[in-house]
Amino acid sequence: MVQDRYERGLEKMIQVDGKAGLRAIEDLKEIAPELGRYLVEFPFGDIYSREGLDLPTRELLAIAALTAMGNAEPQLRVHIHAALNVGCTREQVVEVMLQMIVYAGFPLAINALYTAKDVFDKREGKGKR
Amino acid sequence: MVQDRYERGLEKMIQVDGKAGLRAIEDLKEIAPELGRYLVEFPFGDIYSREGLDLPTRELLAIAALTAMGNAEPQLRVHIHAALNVGCTREQVVEVMLQMIVYAGFPLAINALYTAKDVFDKREGKGKR
Amino acid sequence: MVQDRYERGLEKMIQVDGKAGLRAIEDLKEIAPELGRYLVEFPFGDIYSREGLDLPTRELLAIAALTAMGNAEPQLRVHIHAALNVGCTREQVVEVMLQMIVYAGFPLAINALYTAKDVFDKREGKGKR
Amino acid sequence: MVQDRYERGLEKMIQVDGKAGLRAIEDLKEIAPELGRYLVEFPFGDIYSREGLDLPTRELLAIAALTAMGNAEPQLRVHIHAALNVGCTREQVVEVMLQMIVYAGFPLAINALYTAKDVFDKREGKGKR
Amino acid sequence: MVQDRYERGLEKMIQVDGKAGLRAIEDLKEIAPELGRYLVEFPFGDIYSREGLDLPTRELLAIAALTAMGNAEPQLRVHIHAALNVGCTREQVVEVMLQMIVYAGFPLAINALYTAKDVFDKREGKGKR
Amino acid sequence: MVQDRYERGLEKMIQVDGKAGLRAIEDLKEIAPELGRYLVEFPFGDIYSREGLDLPTRELLAIAALTAMGNAEPQLRVHIHAALNVGCTREQVVEVMLQMIVYAGFPLAINALYTAKDVFDKREGKGKR
């Protein structure tokens, strides 16, 4: 069952993030070997594997939170990719960020939109990550 | 057209918040008379009136952002009511908050769940706000 | 000169805060006896005693920062009192908070306005603190 | 092994928090039944069970983070109790909060000190929680 | 009157920001075509056009808030330029940031001072933006 | 005695930060000449010179707070160096960051771990700063 949780999480992580999640785990393996297990098991194996919200909604929620926090640009970037990977449109990603003006002000929403623009450009120029 | 924007916003605000939005405007009218107009026109007349995301999704996004910010409990409360008013289920509200553990940690998610529990209880005891 | 710094700070603190600052120092003296010295010496003896900005401007800046942080309501309250004590008008206090909608969103600005309304009411009912 | 993780976490949670952790789980069981499992398994079963830092140090670190975040007063309160439960002194708790002035400013440190004072008073008046 | 609001905002934006505001609007036009209208109409047409605080004071307030938030460096940069554009001195900009040590701690104030130094250097080397 | 406070602070600062603290003071001397005095006197002369917590513990607490704030990467970097300078191990630094997942979520902890990895690599390549 532990194995189940890890395997379920890994499958979910690859479905959502493609290789981006694996890359972070790999990068940090030397200094924090258990981080990979935690990241696969808890966010993906426990939370993202829950029913009740579909993956595209979950990714828009992640974008909302990370835009409003305004201090985790690398993860915002990962979740913009993820949103598009699981079927959200660019228009929906932008729409979430515009809504965040209301709760978190113009600066954080505008900075998130710059990040979105950069992700959109990269995906266009280079094919899917 | 200015009138349109205000009227469109007012209609949207009442649809989403019931009387909670009007109450804030009324409470603060004496010291900030234009706040009501700003609140109706910009968040509701401009942002919430946009197409591209339906109202239940917008309310879940608001809950995600306010949970992750962790410093706006009264507005979180308003948006839990609003989510239920526009057709979200309690399970979806809880689901959003559980997901926020991943991005914003256990304390803010748990505090939001306490707020949700209190709103659910109040709505049960007292009928719809 | 140490004495100067403490005395200069104490005079400044009383000028700005009336007795509110002294009360915090008194309240916490038992568990943190040196806090009073730090609070008098650094914020008041060093920073508030600097030239370059007058006290009313400094108090509006404090209100701006504390509104945008959204997690220090007791200090926001102290600085609304302080702003009025050193000659700012209620209209200026409200104006600062409305401006914060732009950088920090509607919820934190609205919560600050509720705090301002409460401070204004208290000062009216009870005379100057 | 899943069972191990849960049991190890539960034991650790009771050691650290006494009954406070169990109470939160109980309070929220109706709306978020799996929260209890997550809270026991991940923070306590995975993180707090790691070697490399002793429990008193971990509790001081929790107090540092929650003081600097400034938006999770209930959890700060829990961790002040926990710090004292696992052998930290009141002086150490206060010392951590005074240090936080440097990174997070006077308001959040002072608010944390008020919380500490209240916890200390409650423990004195009522015996150990 | 809608036109008035937009035109009033545009005039105010150019007065305050020179071309920086227009550039952001232009950069993001492709993905968020209405952002430009929102930015001109609400912050500039509604808020900055209010009486009650002069523009130099408004810019110092913006710098206070953005320094204390610590997560919007591009906008801090824009508002340092804007402050100098509307008649604030470098000394006043620095003074605001030093005051923020009190509410938000040394790290965010120091990082803002580095940003100020960079803006001052750029304006010297390249003439007015 | 003023001199004492400055000298005591300077000695402490050099002991903890090596030359990093002096560099920040030097960089900002032109625009904020008194910052150096404040930084030496208050954080180092007053706070870090207090008894009650040893320096390695203080540095781990700084890392906890800065990881959880997530908006002061340059200072996090300085304090990772400082922790290692005063005798903390790399494992302890990593351990603190992993614990922060619980209170502040995965993104900020992961970003801090990337910073730690970079500092560790730089120290290896270049010897002690």
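Every chain is named by a letter (A, B, C, D, E and F) in the order it is written, and numbering of its residues begins at 1.
Please note the rule applied: a residue touches a chain if its C-beta (ideal position, glycine included) is under 8 Å from a C-beta of that chain, and two chains touch if they have at least 3 such contacts.
Keep in mind the model is a prediction, meaning the values are calculated, not measured.
**Q** With chain centres defined as mean CA positions, report which chain is farthest from chain D.
**A** Most distant chain from chain D: E.
**Q** Validating interface symmetry: for the copies chain A and chain C, is the fraction of residue numbers used by both over half? Same or different.
**A** Copies use mostly the same positions to touch.
**Q** Compute the distance, rounded to whole Å, between the mean C-alpha positions of chain A and chain E.
**A** Computed value for the inter-centroid distance: 30 Å.
**Q** Quick one: report the Å distance separating chain D from chain F, using the average Cα coordinate of each chain.
**A** 24
**Q** So what's the Cα centroid distance for chain C and chain F, whole Å?
**A** 29
**Q** What are the residue numbers in chain B that touch two or more other chains?
**A** Each of 34, 38, 42-43, 50, 66, 69-72, 75, 98, 101-104, 106-107 in chain B touches at least two other chains.
**Q** Chain adjacency by touch: line, ring, star, complete or other shape?
**A** The chain contacts form a complete graph, every chain touching every other.
**Q** Residue numbers of chain F touching chain D in their complex, please.
**A** Those residues of chain F that touch chain D are 42-43, 47-48, 50, 52-53, 57-58, 60-62, 64-69, 72, 75, 91-92, 95-96, 98-104.
**Q** Give every residue of chain D touching chain B within the complex, in rising order.
**A** Chain D reaches chain B through residues 24, 27-28, 30-32, 34-35, 38-39, 43, 66, 69-72, 74-75.
**Q** Tell me, which parts of chain C touch chain F in their complex?
**A** 1-2, 5, 34, 38, 42, 46, 50
**Q** What residues on chain B touch chain F, complex-wise?
**A** 101-107
**Q** Can you name the residues of chain F that touch chain A in the complex?
**A** That would be residues 69-71, 90, 94, 97-98, 101, 106-108, 110-111, 113-114, 116-117, 120 of chain F.
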